[in-house]
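Okay, so chain A shows up in both of these, paired with chain B first and chain C after.
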Partner chain A sequence: MNPIYLEIAVVVLGLLLLAAESFAGPGRKSGIAHPAITGLILVFVATFWIDPLAMDVTAPYARFYSADFLAVFFKQLALLSTIVVLIMAQEYAPVVEASLPSSRRGAGLGEFYALPVFTCAGLMWMASAVDFVLIFVSLELVTISFYILVSYMRQDRGSLEAGVKFLVLGALSTGFLIYGITWIYGVTGQTNLHAIAAVIPALKHAAAPALLFGLGLVLVSLGFKVAAVPFQFWVPDVYQGAPTPITAFLSVASKAAGFVVLLRVLQAFVVVPYLQEKIMLLMAILAGITMVFGNLAAIPQSNLKRLLAYSSVAHAGYLLLGVASLGAPFAGMAVLFYLGAYLIMTLLAFLIMAVVSKTVGGDDIADFNGLNQRAPHLAFAMLLAMASLAGVPLTVGFLGKLFIFEAAFQQGHFVLIALGIVTVASGFYYYLKVVRAMYWQQPADPEAPEIPVGVAARLTIAILCALTIWLGVYPAPLLSLIR
Partner chain B sequence: MLTLGHYLLVSGLLFATGLGGVLLRRNIIVIFMGLELMLNAANLSLVAFARHGAVSAGLPDYNAQVLVFFIITVAAAEVAVGLAIIVALYRQRQTAHVEDLNQLKF
Partner chain C sequence: MSPLLSLILIPLVTAAFCMAGSAPRRISLFGAGANLLLTLYLLASYNLEIGGYQFVGGRLLAPFYGLAFSLGADGLSMVMLLLTTLVTLAAVWVTPPINRYAGMFYACLLLISAGAIGAFVSTDLFFFYAFHELALVPTFLLIGIWGSGERQRIAWKVTIYLATGSFVLLLGLIGIWLAVPAGLRTLDMRILQQLGVAGILSPGPAVYLLLLAGFGSLIALFPLHSWAPEAYASAPAPAAMLHAGVLKKFGLYGLLRLAVPIFPEEIQQFAGLLLILLLGNIIYVGFVTIAQKRLDLMLGYSSVMHMGYAFLGLVALNQIGLAGMSLMIVAHGLTIAALFALCGEIGSRWGTLEFAKLGGLAAGAPKLGLLFGFAAMASIGLPGFLSFPSEVLIFFGAFAQGVTGGFNIYQTSVAFALWGVVISAIYMLRAYRRIFWGGRGVAAVDGVGDVSCAVRWAVILLLAALLVTGFRPALLLDYINPVFDYFAP
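Moving on to the complex of A and B:
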């Protein structure tokens, strides 16, 4: 099967959903969540029939579109996270509805389910993009739909403020990206990454500063996307203000797509030694400060969404350490495994947070006090997510970190490994703060009613919990997907 | 005679003006104008590079010029969404100044 049909199917699904939404009667707009989830699951299943080796490299679209193993793996990540985000959005719908201007029940919720489908199409194109034109356009498809999603709760002060901050900083990073692309094009005369890689070794030495300037601007923009320090300042505010499912989407899918573009762009530029040295040094420095800053800034947080925002910065640091070790044969695999693990545990944490904060009415850590007495299953699932995010052995998060450190060890980044181990230890402190609140604090209201959880959300929580443990003990299935 | 350098200089000035506007101004609408200037700086230098760059069979390289159209389209989409968000913010708070965006802090 031609892989480009996957994206076309997702876009058509999104258009059909919008059409269905506009014809559905006023109380039934939220019904489009089910076809959206079903459709995406079908596309997800279809990805397993894509043979990356059978890609026709002479086809006209092969100039800008590639369906190698990397692309297919990231398409699966994008689809999976969109499906979980839509399930989460269903759980979270009452909160969103309460902060929309319309008083009619269910009105205005349709786009909240349709837009993530378009975002997913953008993410899937990003996974396949091998030309700066497609990288730019798909990145913008993702970013612009995120502007709307982040500021979706129009009557909520936090959501709109987060939306405006995300808009300004997102557009700023777009400006950097496109100006960087311009200079890379000016020096090489190409926008295709393979063609750029072929041209660079023949360039005159005088062209190097202009090329580095362009590449630097592109890397700044990708730094924004993956939330690397010092381009992380938008992360805490936007994560805290956005609706919880969208926060999860931003922190998982947007970061993963940023990393796939980063990997592809770097691949095109590491072809000559003088560029390779500079890029790898830059990545190592970014990895170091991102790990340290993310973990230290997370320690004093009292809002769980803000804490997870800084934790997401910290995880970007470990991923960048993997990218900085790309010379090791195992490093690419380690980065992909870490992204898969990060997807599972982060989505689990956000799903439980969406369910709990919908009922409790807040997302401070104090709102989780005594969760074990009120909903022991949810508390246990959250415990698993936190343990995995912290990197406790026998969870998938531990193996992710282990693989990254192993790759870094092979490349001799001993200082960074030491930094990494120290920051992992400090991570234990703030993740266990959540566990402490759930198990050792008294609930505010001991007589509080049970927390209602939908069937789909219940099933998803169970699957994600099982995956966290199973892949932590036996990682072969995920590794076989990566190859 | 205008050379590539002249165009790049103007484009660089545009980019710097835009970036300065984003960093220094406090009104969100003006910040947004700065962002648009940055995109147009890229457009100008792309066209200049395409005109002065490699020529094959007597024609300039049209890749970059096509990219310019994509940038214009994306910028239009960004303005449509962005202005809508800014209007929503103004309705809620009667302000379009960044200092007033101070709800989200720990």
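Moving on to the complex of A and C:
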């Protein structure tokens, strides 16, 4: 099957959902979540029949669009995270509804389910983009739908504040990106990454500063997307303010897409040694400061969303460490494996958080006090997520870190590894804070009612838990997906 | 599949039952007992004439990395299994009634046991490491939920300490793996050992130091020991028994498994450093132990102190010393488990462990006094208990090292280390006197009664094992000696 039909299917699904949403009665708009989830699951299943070789490489669109294994893997990640985010959104709907203007209550939820589908299409295009033009367009599709989603809870100050911050900084990063692309185009005369890679070796040495400047600007913009230090400052506020499912979406899918673009762009530029040296040094420095800052800043957090925001910065650091070690044989695979692992455990953590905070009414760590007594299964699932995020062996998060550190070891990044060890230890500290709250503290109200969990959410939690352990012991299936 | 898999699965399944169902105590006693019997059966059916790794089985998991779930046990693993299952049964047995989440308490104990067993029978480097880490999580929960004193701060400290140590260790393991010549690259520890003995695999001093720091912080090598006494003092008695008795021994086992065959030159190169550190364990921590005013802290420090002897066996690097170190692992594991069991009993009956408040307990509780006396003698290393042959072998081994070169650092260190026996006699006998003899302390009220039936039999089980192997160490040495045949003169 030709891979371009995947995105077309997702966009058509989104349009149909919007149409259905506008014809549905005011009380029934949230019903469109089911066809959205079902449709995306069908597309997800279809990705396994994609034959990257079936694409016609002479077709005009092949200049922009590539469907290699990397792209297919990221499409699967994007689809999977969108599906889980929609399930999470269903769980979280009452909270969103409560913060909509009262006249529109129950009527305004339709777009909350339809917009992530468009974001998903953008992410899938990003995975395939091999031309700066398509990179830019798909990135904007993703970002603009996120602007709306982040500030969706219109009567919630936090959500609005997050939306404005995200808008301003997103626009700024877009500016960097487009300006960088212009410089690169000015030097090379190309926007296609393959063509750029072909042109660079023939360039005069004098063109190098301009090229590096352009690339630097692009990297700044990507730094915003993947939340690398020092471009991370929007992360905590936006993550905290946005509706929880959207936060999960931002931290997983947006980061994954940022990394696929980063991998592709770097691939085009490391073709000559003097560029490669500089880029890898830059990546190593970024990795170091991101790991240290993300982990240290997470330690004092008392709000779980903010904690996960900084942890998302920290994980970007480990991923960058993998990117900085790309010279090692399995480094690319290590980065992809880490992204897959990160997706599973982060979605699990956010899903439980969405379920719990809907009932408890807050997402401070203190709100999880004594969760073990109220909902032992949820507490255990959260324990798994935290253990995996911290990197306890026999969970998928540990294997991710192991592969990354191994690649770094082979590349001789010993300083970074030492930093990594220290930061992993501090990671244990703040992730276990959540475990402590759930298992050691007494609940604020011992007679609190049970926490209701929907069937789909229950099933998803179970699947994600199983994946966390199963892939942590037997990583071969995920590794074979990455190839 | 290997019968060793059932040794891992029995505690795991039992733990699952404990979490889910009622009567966790009965179920876990049954599981721990079944595991001990199975281990005895395997010990009997291990073929000593063939030796080497037996009961092997496995399955390849990730072809890229050569990652496989493979099990196998040689003489050393078999002895470790015996230690683990004995202490597990005793720990489950002495567990007092738990009023909060009893099922989870027993499940945590069994998980530690399963993790330790898994580490001792894994022949794959990854699972060797991962099983040990698996056992650290329940340790954290046990101290954090059911501990005493400043349990949360201490659980925290222990976790950070051990997690950091583990990651340093992990780096060392990666270093070993990367040093294997590319065509032979494998995670199979059996092959790694053979390559090391053959001299093909030599990762260099940096990796050895990583390994030493990693394992060292898990074993509480001076000066990385500060987590241990507090942790054991705060942990509930069964958890302290399992951790000090079994899980901490993972580090020593790992050194025997990896450092000895792969890094013989480095061990000798850094022998001076290690000798100074282990004397820190024996002498410095020994004096700290004497100064303790509470029984639980004193036992915690004493367990740190005894690790010095084990390192002395390592640094001796000959068959006598290494065999002594292996015996030491078992002897210390059984002894400290018995002592922590009795310590927990004293604490729960008289409500305090401070020497100043206790005293004259033997009048009301003669059986408890007798058992404690035996355990204290075992800890000091009196002949008749396994501790004695193990210490003798270690001292002989270390003294024999480089004996032609006059009175060298090894012999000097042995001369200092021998004082450790005196030091441990001082603190143990003083503790024994202050708790059980002399005038009555304020806490020693009448009518408390003697040691409970469960604790009595569990401790008798441990002491009996110590006595039987103490009178006939060949029972264990027959298994252990062939492992270090490559050091035979």
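By definition in this document, the second predicted complex is superposed on the first by the 478 of 483 C-alpha atoms of A that agree within 3 Å, B and C clash if a C-alpha of one lies under 4 Å from a C-alpha of the other, contacts with A are read in each partner's own complex, and residues count from 1 in each chain.
The rule is short, and it goes like this: a residue touches a chain if its C-beta (ideal position, glycine included) is under 8 Å from a C-beta of that chain, and two chains touch if they have at least 3 such contacts.
No experiment lies behind these values; they were computed from the predicted model shown.
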### Message
If we overlay the two complexes on their shared chain A, which of chain B and chain C does A:Phe409 touch? Say first, second, both or neither.
### Response
second
### Query
Should A:Met333 be classified as contacting the first partner (chain B), the second (chain C), both, or neither?
second
### Task
For A:Val164, decide between first (touching chain B), second (touching chain C), both and neither.
first
### Query
First (chain B), second (chain C), both or neither: which does A:Leu394 touch?
second
### Task
With the two complexes superposed on chain A, say which partner A:Arg28 touches: chain B (first), chain C (second), both, or neither.
neither
### Task
Classify the contacts of A:Phe428 with the two partner chains as first (chain B alone), second (chain C alone), both, or neither.
second
### Query
Which of the two partners, first being chain B and second being chain C, lies in contact with A:Ile148: first, second, both, or neither?
first
### Message
Tell me the contact category for A:Ile417 with respect to chain B and chain C: first, second, both or neither.
### Response
second
### First (chain B), second (chain C), both or neither touched by A:Arg458
neither
### Summary
The residues of chain A that touch chain C in their complex are 330, 333, 372, 387, 390, 392-394, 398, 402-403, 405-406, 409-410, 417, 421-422, 424-425, 428-429, 432, 436, 439-440, 473-476, 479
### Task
Going by the contact rule at the top, pick out the chain C residues touching chain A in the complex.
61-65, 67, 69, 101, 126, 129-131, 133-134, 136-137, 140-141, 144-145, 152, 156, 159-160, 163-164, 167-168, 170-171, 174-175, 177-178
#### Entry: In the complex with chain A, residue positions of chain B that touch it
8, 15, 18-19, 22, 28, 31-32, 35, 38-39, 41-42, 45-46, 49, 53-54, 61, 63-64, 66-67, 70-71, 74, 77-78, 81-82, 85-86, 88-89, 92-93, 98, 101, 103-104, 106
## Note on the structure
Seen from chain A, its contact residues with chain B in the complex are 132-133, 136-137, 140, 144, 147-148, 151, 154-155, 157-158, 160-165, 167-168, 171-172, 174-176, 178-179, 181-183, 185-186, 189-191, 236-237, 240-241, 300-303, 306
